[in-house]
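The structures considered in this document are given below.
Both complexes shown next keep chain A, but they swap its partner, so chain B is in the first and chain C is in the second.
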Partner chain A sequence: MFLNWRRGVIASVLIGTLAGSLLTGCGTGNKASGSGSAGNGGKVTTIEYWHVNSENFGGQTVRDLVQKFNEQHPDIKVVEKFQPNMYLGLMQNLQAALAGGHPPAVAQIGYNYLDYATANLPHLPVEDAAKTDPEGQAFLNNYLPNILNLGRVNGKLEGVPYSISNPVLYYNADMFKAAGLDPQNPPKTWAEVRDMARIIKEKTGNYGLYVQEPSDNWAQQAMMESNGAQVLTRTGGKARATFDSPEAIEAYQLMADMVLKDKTALHATWEEGTQAFITGKVGMYVTTIARRNYIETSSKFKVLTAPFPTFGNKPRRVPAGGNALFIFAKDPDQQKAAWEFIKYLESPEALTTWTKGTGYLPPRQDVTDDPRYLKPFMEQNPLMKPAVAQLPDAVPWVSFPGNNGLQAEQVLLDARDAILGGRQPAAEVLKEAAAKVNKLIGN
Partner chain B sequence: MKIAREPGPKFAAIKGYLVPWGCLAPALAFLALFTFWPLVSTLKLSFYQWNMVSPTPKWVGLTNYLEILRSREFWLAFWHTLEYTLILLALNLALPYITAYILSHLVFKGQNFYRALIFLPSVLSLAVAAVIFLWLYNPLAGPVNALLRLLGLPAPPWLSSYRWVIPALAVITAWKSFGYNFIVLLAGLVAVPLELIEAARLEKASNWQIFWRIVRPLTSGTALYVLVMTVIIGSQYVFVPIQMLTNGGPDQASTNLVFFIYQYTFNFFQTGKAAAAAVITLIIFGGLLFLQKRVLEKGVYYEN
Partner chain C sequence: MKTKIPWWHFPLLLVVLGSLLPLIWMLATAWKTPEQVFNASLNPWPYPATAANFAYVMGAIPLGRYILNTFIIAFIVTAAKLLTSILAAYGFTQFSFRGRETLFYLCLLSIFVPFTVTMMPNYLFMSRMGWLNTYTGVALPQMADALGIFLLRQSIRSIPPSLVEAARLDRVGHGRILGRVLLPAIKPSLIALGILFFINTWNEYFWPLLMINDKSMYTLPLALQMFTNLEGGTNWGAMMAAATLASLPPVVAYLLAQRYVVDTFIHSGLKG
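Right, the complex of A and B next:
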């Protein structure tokens, strides 16, 4: 019930934001350079910003944004720090840093750790930070209420939604041609994906497919839920792991069969898989739209994107990926600087740079619709279109409740290795893993 | 003979204690602060549930120990530790032993060159070595697999294969510590009196017989040191490539006891369970050291 409600909200939000609404367009004109940056007696506040953007995942864009902010704010110095292993790795280092008493001021918290971060880590909810700023409310009014819900836990705004993504199917149009497939007709269902992967393997000798395998189960959740499964079912305030249902098993077994039986799909780390795709060794690649810029600029062949494939006629369900910005600074000066930096990152100029440099969809409708900012880009870049088109199919990214959320995520990663590595069939692995996760989240 | 007791017996008795203990004090203070105090804290922590940030650890009694001992991962880590140790004993004790013998008693030309060459990798940090091997092991583009494919051999995905991940990580550690063990063993080998070996040669003993019956027994003290270091330190050295390259994966296939403790502390933030695992590990290795003192020391020859 709860999940359905949340899914409805998110779907309507995302449509609302990106498919066009009128009101927010008038832009409250929140300038990043902000107030109060002058006259601090020459004192410079240094703060850290933690992100997951590696060199081929928008790392350069993060550095550009930070540099620009530092130039505009002589009294604040932001130091950006990359955290490996995606949001899981960032959470782990963050908790250690908090234990050591030196947390970063601002960090990207993946939507899959909102519950965990809010419940376990001391932070300054951005709702409270906004209250100390006379312009705070006006700033938050730039967002549609439902987008802000992505950063809310139990009604409180804990982080400002920053990046929004969903998984799409990238494919190598040149390889499609070489295999005798029509690049204008990418696969729409997983059955077609399997067939085309086989054809690519037979005709070109390359792998047909790679589905991203970072330190999260985002793409796998999209597969299981598009086949009608629920990774986590919430009933009456209690959550249960339900990724061992027949639908979930079927989706995972399809992937395992492609890797182990057909040998048309690649099982490798995210870096290896990405490298394999951009060097033309894999025909189709399911990954986040957030990597659009890197893939587009690094591939020497024609890259196209298609919406995430469905299972027959079943509805597509893609988890809303990305992150919200949280404040972990304890010192009031640092908290103030952190808020100032968040306002900058969420400004129309910075969001435009961010979307162009990564592929993330912006959280602010006014930025998307403004001809001075993203409107021309969104209309011209064909690779972005499937991601925008499937926004109505967004569902929440699973966030395990309780104190053992990090270990629960690891159980799912181990299960993925066990299934795709061929230790046991999907049914057995998922049953075992679900029992374990249920124990960890208190069932 | 009697030592002169000048200012009276009582003061002398105190002085008799004062000097040795005074000399020991700095060392003891550090030992207490950095070894025994953490040990006691770990023991205490193993009875609590605590995530490092919550202000109040929760007392849970023996639950941590029971859950650890009942979990599949702990026993995987235990058996993998043995597996790593066996591979390291072969690569870091047997192999450098034989290499050192060859380079001290059989090959005389270019000795210094070989010694320098073999010692070289041990000046690199293990983290750097791990990154180098990450590139070497890359399943699609790495030189190791390119070579294997060229020879028509199967080219496994080293770091994501259940069967190969432990040997692959052990080789990284072995590559790094081979040189050090080699030098230590070499130092022991050159101390073996040449007369003994020449006498054996006159009686037409083979090189292998000389090694096994003369050199090995006479260098057993050094070998024991290398053996103990390989067993005890090996599992800690292996931690670096595990943490950097596989995170214990795929599916915990490369975890060991040291990584298991790290994972529960800094990945899952269940410090109580990590502490319990640390205490169990301490007991296991303590047992090994006891065994070494009781059994192995007896057959060892020390020059003095």
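Right, the complex of A and C next:
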């Protein structure tokens, strides 16, 4: 039966090698960002656009936008490339591509990687790109100043804010009714959140609140800074961790008290917390507006949203999530094409498509209320309204500077676990953590 | 008459159930609607079951193309690894030359060099050669494997030396000794090793992720990422449907050849 065993092995190996060398030919796809595509003389400039939009979150929208742009610009061809594992994955591939000498022309950089990208990756700041364009300044005037600030590092506009999300309070209207609360009157302050959480616990036996706990401190920053604290304070080019101020401690201790004393708030991972809210085990849930569609389609009860609660009369400060568009092209023609593409993505038409496809908030102020653009969509999706309303309260998402930035972030994550896990009071933990972070970022 | 089941089969049964549970969960979630995915009860059974996830996955991504890509890469790597392992193992057992043991242990040492160390040099090399987004780029750096050399060397050493000596006395050449005497004798090891290589390459994530940037060249593990998004939430139903489809081919391959796989591991444990 196995007489031809030897011949079989040799044949299969031969076939394998042969197939390998043949198929390489087919596989050699486009060297899109290659230098062979100079833009002058009626030639087409090909540029790459790197994004993190998976099939279930804007992937199709990116393809639609790119197709439309390519139709309108016969001299430019944009090739979109999805990068798995969100902004971290994109940064890793970007570093490899830069080392290999062929970076994409345009890429989405997550706000929490802004410092890192600016300091470590060669790029063309969009402020410089805008200067070469006579319409550049007029274009940038379409943004609220605090939104444009999201793309600035040390005062320089490095990337154009593109995708924007912020934390809102989702709540289970059915559970509110069951607890005797009025779904039309969600809590406005954290004191009210605490009270209502207690009522929900008493009347329904469910948890009152869950605040998202992924591997970042986004929502926690919103709490601390809305109470008047600063997570990081920059003075004269130097940054200091200041999340051990009395205001920061007070905000964190409130959360800890709800988890540990009142036992009305849940301390769990993001996936667990999301699941608990969707299955009707938690009444209120603080998370990003980008998850609106996901939460609405997954839950069987009526979901409503409210603005991120404030501390009394203190101003609300919500860090913006999402990304800014950066230019990494080196060739002048490609840089020009990249800027042209960014201007298209940030046009009212394209932003309307973008918000509809992803649920992000538009960075420009002239899109939301215009009946030609987002007005009909906003009326159909009232859950978006609180998030749009708090756009003027958007602040930059803190990322710790320097090579130990990621480690510093981890210190703050460990602090969160120590406080909410009940190992130590917030004051002690945050003091120790701030000292550690200050050492890590060079103070 | 009753056959007596040894008591230690019960803990084993628990281990089996424990390893099957994630698979069952994957299969079940693939047939659930988003609302059912987050059902509070631990009941894995989707009711009513929906095929929508599969339809969505098939419509959203060119799954056939990804299966083909994954298969081609896994096939090239498996064939190349087997070839290099066979030849090297033959050399290490049938020839005696100065420095043979040193060379062999150096070879083994490469098992302990973590992937993260070779990742960037390999990437830069492939990138300079213009092999990004190609099968060659993914396959070339993994065409030899010290583990295969080690296992085949063990297998060949377990063959009675008299067999090879008899062939030598008959003045049979190396090619025929390898093909007619040794390979038939170590066939189970070869098949098992082949399956191991195939499944490992099939499931490989990180290296293809670095090399492949073009969606049409994606392998299945990369394609699974197309249904997750940290900000927008993960489409678990679609992801599990894609995972189910992606894991079918290796499962079938394993079922077809499982006797050989199990054999080899039992034997290599005894012979050493």
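The working rule: the second predicted complex is superposed on the first by the 242 of 443 C-alpha atoms of A that agree within 3 Å, B and C clash if a C-alpha of one lies under 4 Å from a C-alpha of the other, contacts with A are read in each partner's own complex, and residues count from 1 in each chain.
Keep this in mind: a contact is a pair of C-beta atoms (placed from the backbone, for glycine too) under 8 Å apart; a residue touches a chain by one contact, two chains touch by 3 or more.
Since this is a predicted model, take the numbers as computed values, not measurements.
Asks: Once chain A of both complexes is superposed, is A:K281 in touch with chain B (first), chain C (second), both, or neither?
Replies: both
Asks: For A:N85, is the partner it touches chain B (first), chain C (second), both, or none of the two (neither)?
Replies: both
Asks: Does chain B (first) or chain C (second) touch A:T242, or do both, or does neither?
Replies: So A:T242 meets neither chain B nor chain C here.
Asks: A:A99 in the overlay: touching chain B, chain C, both, or neither? Say first, second, both or neither.
Replies: After superposing on A, A:A99 lies in contact with both chain B and chain C.
Asks: Could you look at A:T189 and tell me whether it touches chain B, chain C, both or neither (first, second, both, neither)?
Replies: Once the two structures are laid over each other on A, A:T189 reaches no partner at all.
Asks: Touch check for A:S298: first (chain B), second (chain C), both, or neither?
Replies: second
Asks: Where does A:E272 make contact in the superposed view: on chain B (first), on chain C (second), on both, or on neither?
Replies: In the superposition, A:E272 touches chain B alone.
Asks: Looking only at contacts as defined up top, I'd like to know whether chain B or chain C touches more of chain A.
Replies: Of chain B and chain C, the partner in contact with more residues of chain A is C.
Asks: With both complexes overlaid on chain A, does A:N403 touch chain B (first), chain C (second), both or neither?
Replies: first
Asks: Once the two structures are superposed, pull the chain A residues common to the chain B and chain C interfaces.
Replies: In the superposed arrangement, which is not itself an observed complex, chain A uses residues 85, 96, 99, 275, 279, 281 for both chain B and chain C.
Asks: Quick one: which bits of chain A touch chain B in the complex? Just the residue numbers, please.
Replies: My answer: residues 85, 92, 95-96, 98-99, 120-122, 215, 267-269, 272, 275-276, 279, 281, 403-404, 406-407, 410, 413-415, 417-418, 421, 423.
Asks: What residues on chain C touch chain A, complex-wise?
Replies: Those in contact with chain A are residues 34-35, 37-40, 60-61, 72, 75-76, 78-80, 82-83, 86, 120, 123-124, 127-128, 130-136, 139, 178-180, 183-184, 187, 190, 209-210, 213-217, 222, 225-235, 238.
Asks: Which stretch or stretches of chain A touch chain C in the complex?
Replies: Spelled out, the residues of chain A in touch with chain C are 2, 5-6, 9-10, 12-13, 15-17, 19-21, 23-24, 27-31, 52-60, 81-82, 84-86, 89, 93, 96-97, 99-102, 165, 214, 274-275, 278-281, 288, 290-291, 293-295, 297-300, 321-322, 358-359.
Asks: Which chain B residues qualify as touching chain A in the complex?
Replies: Residue positions touching the partner: 51-54, 138-141, 157, 160-162, 247, 249-253, 266-270.
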